[in-house]
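My structure is below; once you've seen it, I'll send some questions.
Letters A, B, C, D and E name the chains as they come in the text, with residue numbers starting at 1 for each one.
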Amino acid sequence: MATLIEHSSILIIAVPLLIAFLTPLIGMASKKARNSVVVVGLAFVAFLVFALARDVILNGIHIYTLGATSPSLAIPEGTMVPVRIILEVDGVSVFMGIVVAIVSLVAVIYSLSAMKGETGQNRFYTLLLLMVAGTFGMVFTGDLFNLFVFLEITSISGAALIAFRTKFADSQEGGFKYIVVSAIASLMVLFAISLLYAQYNLLNIGALAAAMQYTMLDRIALVILIAAFAMKLGGVPMHMWISDTYSVAPVSITVLLITASQASMYALMRICFILYGVTLDLAVVGWIVIAIGILGMFIGVTMAVRQTDITRLIAYNCVCEAGFMLIGLGVGLAVLGDRTDLGTFGTTAINGAIFHMINHALFEGLLFLVAGAIFYRIGTRDLNQMGGLGHTMKFTAGFFLLGALASSGLPPFNGFASKILIYESVYQFNPILTIIGILVSIITLAVFIKAFFSAFTGALLPKYEDIKEVPKTMIAAMTIFAVFIIIFGLFPGLILDWIVRPATDALVDQASYINAIMGAIP
Amino acid sequence: MTETLSGNFPLVAAVVLMGIGLYILIFRRNLIKIVMGITILSSSVNLFLVTLGYRAGGIAPIYTDAPEGPMVLPVVQALTLTNIVIAVATSALILSLVIRIYRHTGSLDSKKSRRMKG
Amino acid sequence: MSKIVRTVANQLMLFVLVFGLYVIIHGHVTPGGGFQGGAIIASGVVMLIVAFGSGHIKKSLRERRLSVVESSGALLFILVAFAGIGTVFFFNFLVGSRIFGGIPPTGPNPGDVWTGGVIPLMNLAVGLKVMAGLSAAVLALALFSSGEEMEE
Amino acid sequence: MRQFFAWLFLIVLMVFLVIGGFKMVHPFGEPPSTMDQYIIDNSQEEAGSNNVVGAVVFDYRGFDTLGEATVLFAAVTGVLLVLRASEKKEET
Amino acid sequence: MTLIVESGYEFWNPIIWLITFAVVMVIVYFFRKRGEAKYKKGEDQTQIFLCGEEVPVAEQRHVRGGNAYWGFFETLKEYYDGIVRLHTGVVNDYVVWFVAVTAISAIILLIAELVR
């Protein structure tokens, strides 16, 4: 067990890759074996993630040096800098790992019956596993170029999966937009990485943070990194690809796309808090992030109200929720300089932002799965065609209501628990932001009331009278999300103490992240 | 001035290439030309990366029958190799998507191929 | 294409294969490596596709087989990486051992193929993978754009 | 309108990057080489490879190469997935 | 292990909230019990009454999603015209937005540096 935990950080990335390379060979033999292998592998990865999370939260940062003679040998003899690729797992990484583990397992369970009868299922599962592995790599690596490589893995497999339904033109178009946007963002990220390499001849995040001097080139790199990752996580005004891609992908892929966007947000946090840290002029960067967040909340929700395509509606709501997280992070970043403000409300804001990330993944995932269930049954996403589905699809209607209430921040669900943290802390920073946030939450409730009313309530339309409930496995997948939503809503204190507060402490503590790498130097 | 020029000359060249690529991505509506723009963008990054590792009078970092002289930095060459392969993979996927879009909409204009807006 | 082109392509393919294999095998001694050699062989396949037409190549070279070869190459790569997990993932455990275990003298030397540890094996795996992958991608694009039916 | 703003922002970005270039600390030809010098010196003993770039690609930064091979694998799989023959009726 | 999210001015405890909710529900149920008990299913009083007009079929009875919040959009017409025109589904415009955000934030950082 000890050796398993010692190697778990690489196994979490390598096991999905191994299964992904095996999947085409197994799938040629039998489909049942392939499905079982995929599910069992992802369950094993989830178990490893939870074990690693417990270890990291108890024993501090976890170092894994690839290719060295010992996993903890970060810096070889005869030099002062790390040479090899180092996986550095701290609180934020394990938090994101837990999110990705839960969501990927649910997505695979949902796909089992949702993808039945489609062509090209071998390649579908292969790319799904590659996407999961890429997201894990993005959140676990401690090396900038490795981050870029895993960003590319996630982008390419995601684009191919968005274009899975080849008979629809809009899905092809969505995949094209996604790959173009991702390629530009990742190339800009690589350009910024090369700017950093040109000055310090380093690629490791901890070593770079130790050597950072915030020169002009560092400013350029910071600007490019912030813009590129904001584009990847769907910050306004670079959010338009989100509604185009989330709405046309198979929903089990959309929930993974959400986690990919959140991995980009994790990368943004890593860049701002750890790589640059207190060296950058915090107020300006914090306000840039806050401005992107405010625009995201307002434009996202106001665009969501007028949508008649249910998945587009939920996608614009994703933009709005991302704005909430960005506001929390921006406030935490703006007050990172002085410890008193950070103690009074800064850490609370970051707590709210990080807690909102997992809640966002849960309830938006549930809503997307419900939308996919509707599409699975009636074959359309247009709200104008729907009506009275609640008479026949009772579970689905209940799940949609649960997700809608959680997403619009009504007590006692998890959306409220994280939004109240953001409200309270942001109010002490700047009251206007809190007022805008509460207004946006109200409009969000209006959005989902419209969607629920026009889709599920009303008289039972004659053309939908023979619609049955969706299969059991899809219900099971949605139930997992629903159970997590209720638990996180009823016991927010436990979740905060277990995973969220360690993540925040790891995020605001730059010195320990650097010491975990450079500590070997006398 | 000449010192600073020699100091930032590779960056200027890379920035010019990047500007060309972004110009194509912004102003050219043909989907194939968009793929070209992305390729030019990645080649600008490759150019900048590989010039970062140059040492004055350096030789290739291979010890087999190596002549005298300092070796240029090997890491940036590995990164460039990685980025080249990634660019090839990306353009292959984009081109297949472009073929599909052309089969569906019958045009390569990015203004024509927008099912979804608003 | 004309008969001359087909014949010349037939003859050239042998040399392309030999050169690609040379670049792959000597990847740790001379410039080159798995990616370069695999790209060379894939370019030879592209030459055959240009000369004979994708419909003709499809009879002998199927995507299914190509994807099998590609998956096995990737599997070999990641398994060689896994084999080092006794100490650390990606540990070069073959240096100093029987196979490819030679350690070259420090400084410029004539070079020896029997060195490099796991690097030649990884070169071979990556070479297989890149060759099959690029050939499959080009073949799929050619088949689809020429309207041929493609197997699932 | 759109043309004007696009030109404006593009030129501003390029000028910004070039101005940053004038501040580049290490001139062309003398790069900082703490990490790379270590690799150049020790690649023969540690990796047993004359080709230092090969040692970097497959030993020092082998994980990047695994990711790179994975990117190629994903792209080829995606091409074969997008261009597959989809004659069957599609549900979902 | 606390169940309370303490932050700034107030606290949030789902358990207390649930207890309050249950109490309120009990009170509501108590008042509801004291209402009329003559309601019977399957009679005319369960039918829709539309001022004596005959009730239209289900398709026309249901308010579709596109028609909801009509007045809201009428009030904010200018805003929505402007904001929808920005959402052109063209890829090139996405790149323009990216370049714009990068340039603007670069200018902001430069100004912040010059001011200090």
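Keep this in mind: a residue touches a chain if its C-beta (ideal position, glycine included) is under 8 Å from a C-beta of that chain, and two chains touch if they have at least 3 such contacts.
Worth saying up front: this structure is predicted, and the values here are computed from it rather than measured.
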item	value
Contacts common to subunit D and subunit E (chain labels)	A, B
B-E compared against A-E, more contacting pairs	A-E
By mean Cα position, the chain sitting nearest the middle	A
Inter-centroid spacing, subunit C versus subunit B (mean Cα positions, whole Å)	24
Separation of subunit C from subunit D, taking each centre as the mean of its C-alpha atoms, in whole Å	21
Subunit A and subunit B, separation of their C-alpha mean positions in angstrom	28
Where subunit B touches two or more other chains at once, by residue number	18, 22, 25-27, 34, 52, 62-64, 73, 75, 79, 81-82, 85-86, 88-90, 92-93, 96-97, 99-100, 114-116, 118
Of all residues in subunit D, the ones touching two or more other chains	6, 10, 13, 16-17, 20, 23-24, 26, 31, 33, 35-36, 39, 44, 50-51, 53, 55, 57, 59-68, 70-80, 82-85
Overlap residues in subunit E, where contacts from two or more other chains coincide	84, 87, 89, 91, 93, 95-96, 99-100, 102, 106, 110
Chains grouped in pairs wherever the two touch, ordered by label	A-B, A-C, A-D, A-E, B-C, B-D, B-E, C-D, D-E
Residues on subunit C engaged by subunit A in the complex (per definition of touch)	64, 67-68, 71-72, 74-75, 78, 81-82, 84-85, 87-92, 152
Residue ranges of subunit C in contact with subunit B within the complex	29-31, 35, 104, 107-111, 130, 134, 137, 140-141, 144-145
Sites on subunit D touched by subunit C in the complex	44-51, 53-55, 57-59, 62-63, 65-66, 69-70, 72-73, 75-77, 79-80, 83-85
Residue ranges of subunit E touching subunit A (in the complex, touch as defined)	1-5, 7-10, 12, 14-15, 17-18, 21, 58-59, 61-66, 68-69, 72-73, 76, 79-80, 83-84, 86-87, 89, 91, 93-95, 97-98, 100-102, 105-106, 108-110, 112-113, 116
Residues of subunit B defined as touching subunit A within the complex	14, 18, 25, 31, 34, 38, 41-42, 44-45, 48-49, 52, 73, 75-76, 79, 82-83, 86, 89-90, 93-94, 97-98, 100-101, 104-105, 113-116, 118
